[in-house]
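Next up, some structures in structure tokens.
Look for subunit A in each of the two complexes below; its partner is subunit B in the first and subunit C in the second.
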Partner chain A sequence: MTAHVVNVVLSGVFHASILFLVSAGLQVVFGVQKIFNLACGSFYALGAYVGVSAVGWYLEAGGPPALFIAPLAVAGLAVGAVGVVVERGLLRFVYDRDETFQLLLTFAIVLMMEDAIRLTWGTSPRSTSGLYLTYGRVGVLGTTVPVYNLIVIGASLAIALLIGGLLTRTAFGRIIRASADNREMAEALGVDMRRLYATVFALGTALGTLGGALVIPATVAMSEMGIELIVEAFAVVVIGGLGSMRGALVGALVVGVLRSIAISVYPELEMLLIYLIVIAVLVLRPRGLFGGPRA
Partner chain B sequence: MSGRFVLALALGATVLAPLVAPTYHVLLMLPFMAYAVALLGLNLLFGYTGLVSFGHALFLGVGAYTGAFLTSVFNVRSMETILAAAAALGALVAAPVGALCVRYVKIYFGMLTLAFGMVFYTFVLKFYRLTGGDEGMPFLRPALVGRSLEDLPKTDYLVGPYYYYSLAVLVLATLVMWRIVRSPFGLCLKTIRDNPTKAETLGIGVARYRWCAFVISAVYAAVGGALLGPPTGNVDPTLAYWTQSGNIVFMTLLGGFASFFGPVLGAFVFIYLQDWVMSVVPFWRLIFGAILAAIVIVAPGGLAGFWVRRPPVEASSP
Partner chain C sequence: MRTTRRSFLRLAGAGAAAATVRLDAAPAFAQASHAVKLGVLAIRAGIAAPVGAAGLRGTEWWLERVNRAGGILGRPVQLVLEEESSPKDTVERYRKLVLQDKVEAVLGGISTGVTLALGPVAEDLGTPWLSWDGTTQKGVEETMPNPRWAFKSVDNEVEAIVAGMLTPRYFRGIKTVAGIGNDYSYGHDCWQSYQTVLKRYVPDVKFVLELFPRLGVTDFTSHIAAIQQSKADLLMCSFWSGDATIIMKQAAAVGLFKTMKGVFTTAGGVHDSLKKDFTPEGLLLGYNTMYFDDPKGSPLLKQFVREYKAKYAEYPPYECDHAYFCAESYKAAVEKAAAGGTTWPERAAVVRALEGIEVESLSGRRSWRQDHVQMCNFYQGITTHRNSYDFVTIDPVEVVSTKVAMKPAGTKLFDWINSWKI
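What follows is the complex of A and B.
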């Protein structure tokens, strides 16, 4: 019994750590630019495909399989540079527009990215065959877990701490928080908004693409994975509260673990349960568990 | 060219189309007319009330599944009954959903509608014993105005009686919506869109008006959803997925949300352009995404915006 519970919870936490990365990207962009980026799921899918390709090249070049995680993470982070292109090429034109138009522009990016991925990698699912268990399994409280899962959970926690440190303890973090609070004031005090927006969007994108790259050994890359993940990331940020990093962490844990429990107890309930919670949160506490005072 | 003349011309062409146009293009008119009905409703919310729903596929789904259940489970074949039931169920679902959603505006309204849409989607997807899951449900051929029409070949049925039936529903829906937006109710909605605080001060019950607009738009979407069923003969959950909600908002924006007929034009252009693009390259989303991005950035008034007065495009920074 304990073994089963531990198994369910750990697989939930693994999913949550991926969800956290993507949602953190969504949050940092929403916090500063006030844009709800539907395309964060597409960046996640992009990261997954790039990860598959990077690991493929790495193995072909004769790299030791035990270190596959290095090219995976590097590729995931590097492809975040796409964010700069998207921000400078599209989003910067709509900062002063109604939220609706901003949302629709990110929807346009979702449509474009989905086909761009199909054009580049084809329509059949891709995977990094057999690397998932490179590091073997380890026994945890009576059950066995792939070590890779534990590495990802650890990495995600480390990134959460890093972001927390970045936001609260560095000059750059202070600038981000100041701009999120009051853009005009920050600009008047000499913050270069163009650069800040491009940097923040690239950071948000890189978190999404890294999430996609890290999930890939455990699953397969499919072109629909982006539009499926965005609704989960959406649930995470609503539960946690839009714009809040702590909210992303807690929301991701809630969604990841609950989904995992639902799948093992009553699979039909899976996402239904999550959306019902989302609705309950939106109705009872629209700012989410950790949302700020601003609606 | 006056608007009235263009409208008469468009209506005339639509009436004559089955007689002269190739069958294939006539068949494409069927989803167009169904979406046009749904979009008239969506735009009451979007263009006239200023609320953008990202979950209206929910009501398309409610309408389509109502028809599928009635024809294939309860053996009710009358299209009039199906449309009435779809409208009633749409209103029934929209009443509580709307009551919760209209408490919020902008991004929170959009998110709440998206969440409700996904609840419905996961429900029809997961409860496959009831709904057939991702394979969907058959929508058997409905009888029109009491005539069974079972012996007609499928194409003859669709380009003949069903075509004119859909057209009649669209014309009727347009006339009713025209009355709604011209009524004092419609004027109140526009006031709410432009300045909710002022509307409240003037004694307009903002939340109640928004709720009414929400329910009416849901009824239109449900009727449109029911009309979508017979041409394919099957109803599946993708109709209720969130990207579908995005697509119908896209159609509205493409045609122009600031104009009454804009969304209808948007549905027409979307369907035919999508068909044409797909026949040339398989990657229609890439091209449509680029079109949507271009509209949002340079022509937020949509196609109708080029024709009517052009809304000012604000300068953007940084």
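What follows is the complex of A and C.
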């Protein structure tokens, strides 16, 4: 029984790790730019495809399979630069527009990215073959877990701590928080908003693309894989509170683990349970568990 | 004219046709100078985009061969492509193909959600429609038992019925079974059909778990934890897209198939992504209606597989043959209806000729049943690593005809299964 509980919880935490990265990207962009970026799921898919290609090239070039995670992470982070292009090329034109325009634009990006992925990598699912098991399996309290799952969970936790440190202990983090709090005041104090927005959006994008790259050894890349995750990311940010990084972490854990428990106990409730919690949060605490007064 | 990504006309086919048809072979009829237009509906986006691409590739391969050999009754063939998407939009594009592009027939249709809506429209417009993979079934029951213009694919649940027949043969002593499929009609229908068939062969079998994740889920670790906990002897899975690969990978990662048997009814649709690294030997794997590596395959199949691999760097899935058969049977029906002449026959004569017609297709002989349902073989077998690919194939290969695994015209599925003498 213990083994089964551990198995269910670890499965949920693995799912939560990926969900956290995508939701964190959504949160950081919303926190500063006040844009609800539907395209966060597309960046996740892009990261997955770029990860497949990067690992493919790495192995073809004779790189040791045991270190495949290095090109994967580098590629996942590097492709986050596409965020700068999207922000400078498209988003900056709608900052002062109605929220509907912003949503429509990010939805347009979802559609364009899906087609761009299909044009570049084709329609068939792409995968990294058997790399998933490179690090083998390990026994945890009577259950077997792929070591790679634990690496992803660890990486996600490390990224959460890094972002936490970045936001609370660095000058850049203070600028981000100040701008999120009061854009006009920050601008009046000399913060270059254009640069800040591009950087923040690239950071949000990189979190998504890194999530996609990290998950790919355990799954396969499909052009529409982001859509599925956006829906869950919505639940995460509503539960955790819009704009809150701590909320993203806790929300992802709630969604990931509850989903896993539901599948194991009463599979029909999988999504229902999550949305019941979303509704409960909306009714009892509309700003989410960690949402600020303005969120 | 407004051009969108959903609206595109493939002129290359006509161009190639014009270049390859021998002028001296053209008959002396005025109409012979016109290309024959065939409408094609293919899914281009979403989960089923690879299936749509395979159907289109099969049709294009057929087109090149036919045009190189002089077309149909001396007329070159031109494809007019439209996208299959939602039922409403696809119906509009179907009408456009028939009314505006004036195609002689429409080929294609994959999603039964869409083709259920196309059936009555095809009847209304009076133009032959030959569906690649879509039926006009609601669940497992037929909604259009006596169509005139609509020609439909094999019933959706046949692969699950075949798997149900083969399970007791390969996995003796199975007592408990868990099932996983996508949460829409196909997933539920396959699971129900599989259970009904298996129960006929193994009356005391218990079905201990059923999971229906949404289409598009890419993480099954939690589902696998539940499957492990069920301690079933066997897992039946009807996934047919990338999710089949994902569950295989994630199941292998926790060694699921070391203790559990596995039946994958349709994973042959993504067969070359089932790498040996994570797909074990000894699973029952279905390739649906064409097996690219069939040791008894015809020279036509071997040529197709060779050329497909050279062009697309992958091995063809079954959808290619659904599409090839639709086009080839249409050509045969036109020629049959022309009765040796060169006058283009009436559409009504073509659909009459299609009824019961049998032609050589990529996977072997295929035919249209009198009630306009496609008849062919299903290929399933036990996964093996003994091949030259980096993915699994099957050995032995079980070939089961729709004559034994598909409900006969006019019958109810479960009544029919329960009437079997076993």
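Please note the rule applied: the second predicted complex is superposed on the first by the 294 of 295 C-alpha atoms of A that agree within 3 Å, B and C clash if a C-alpha of one lies under 4 Å from a C-alpha of the other, contacts with A are read in each partner's own complex, and residues count from 1 in each chain.
As a convention for this text, a residue touches a chain if its C-beta (ideal position, glycine included) is under 8 Å from a C-beta of that chain, and two chains touch if they have at least 3 such contacts.
None of these values were measured; they are calculated from a predicted model.
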| query | Quick one: subunit B and subunit C on subunit A, clash or fit? | reply | clash
| So, A:174: does it touch subunit B (first), subunit C (second), both, or neither? | neither
| said: Going by the contact rule set out at the top, does A:97 touch subunit B (first), subunit C (second), both, or neither? | reply: first
| message | Tell me the contact category for A:118 with respect to subunit B and subunit C: first, second, both or neither. | response | both
| said: Contacts for A:220 in the overlay, against subunit B (first) and subunit C (second): which applies, first, second, both or neither? | reply: second
| message | Quick check on the superposed pair: does A:275 touch subunit B, subunit C, both, or neither? Answer first, second, both or neither. | response | first
| said: Which partner chains sit in contact with A:137 here, subunit B, subunit C, both or neither? Use first/second/both/neither. | reply: second
| query | When the two structures are overlaid on chain A, which partner does A:285 contact: first (subunit B), second (subunit C), both, or neither? | reply | neither
| message | Output check: A:12 vs subunit B and subunit C. Expected answer is one of first, second, both, neither. What do you get? | response | second
| request: State the stretch of subunit B that overlaps subunit C in the combined model; pick it from 1-9, 37-45 or 127-135. | output: 127-135
| field | Residues on subunit A lying within both footprints (that of subunit B and that of subunit C) | value | 114-115, 118, 227, 267, 270-271
| Contact set on subunit C toward subunit A in their complex | 5, 45-47, 49-50, 52-53, 210-214, 216-219, 221-226, 228-229, 241-242, 245-246, 249-250, 252-255, 270, 273, 275-278, 314, 390
| query | Can you name the residues of subunit A that touch subunit B in the complex? | reply | 36, 38, 90, 92-97, 99-101, 103-105, 107-116, 118-119, 187, 193-194, 197, 227, 231, 234-235, 238, 242, 267-272, 275-276, 278-279, 282-283, 286, 295
| said: Considering only the defined contacts, which subunit A positions touch subunit C in the complex? | reply: 4, 7-8, 11-12, 14-15, 18, 114-115, 118, 122-125, 127, 129-130, 132-133, 137, 144-146, 148-149, 215, 218-225, 227-229, 259-260, 263-264, 267, 270-271
| In the complex of these two chains, what residues of subunit B are touching subunit A? | 52, 54, 100, 103-104, 106-108, 110-112, 114-116, 118-119, 122-123, 126-127, 242-243, 246, 249-250, 253, 283-286, 288-290, 292-293, 296-297, 300, 314-318
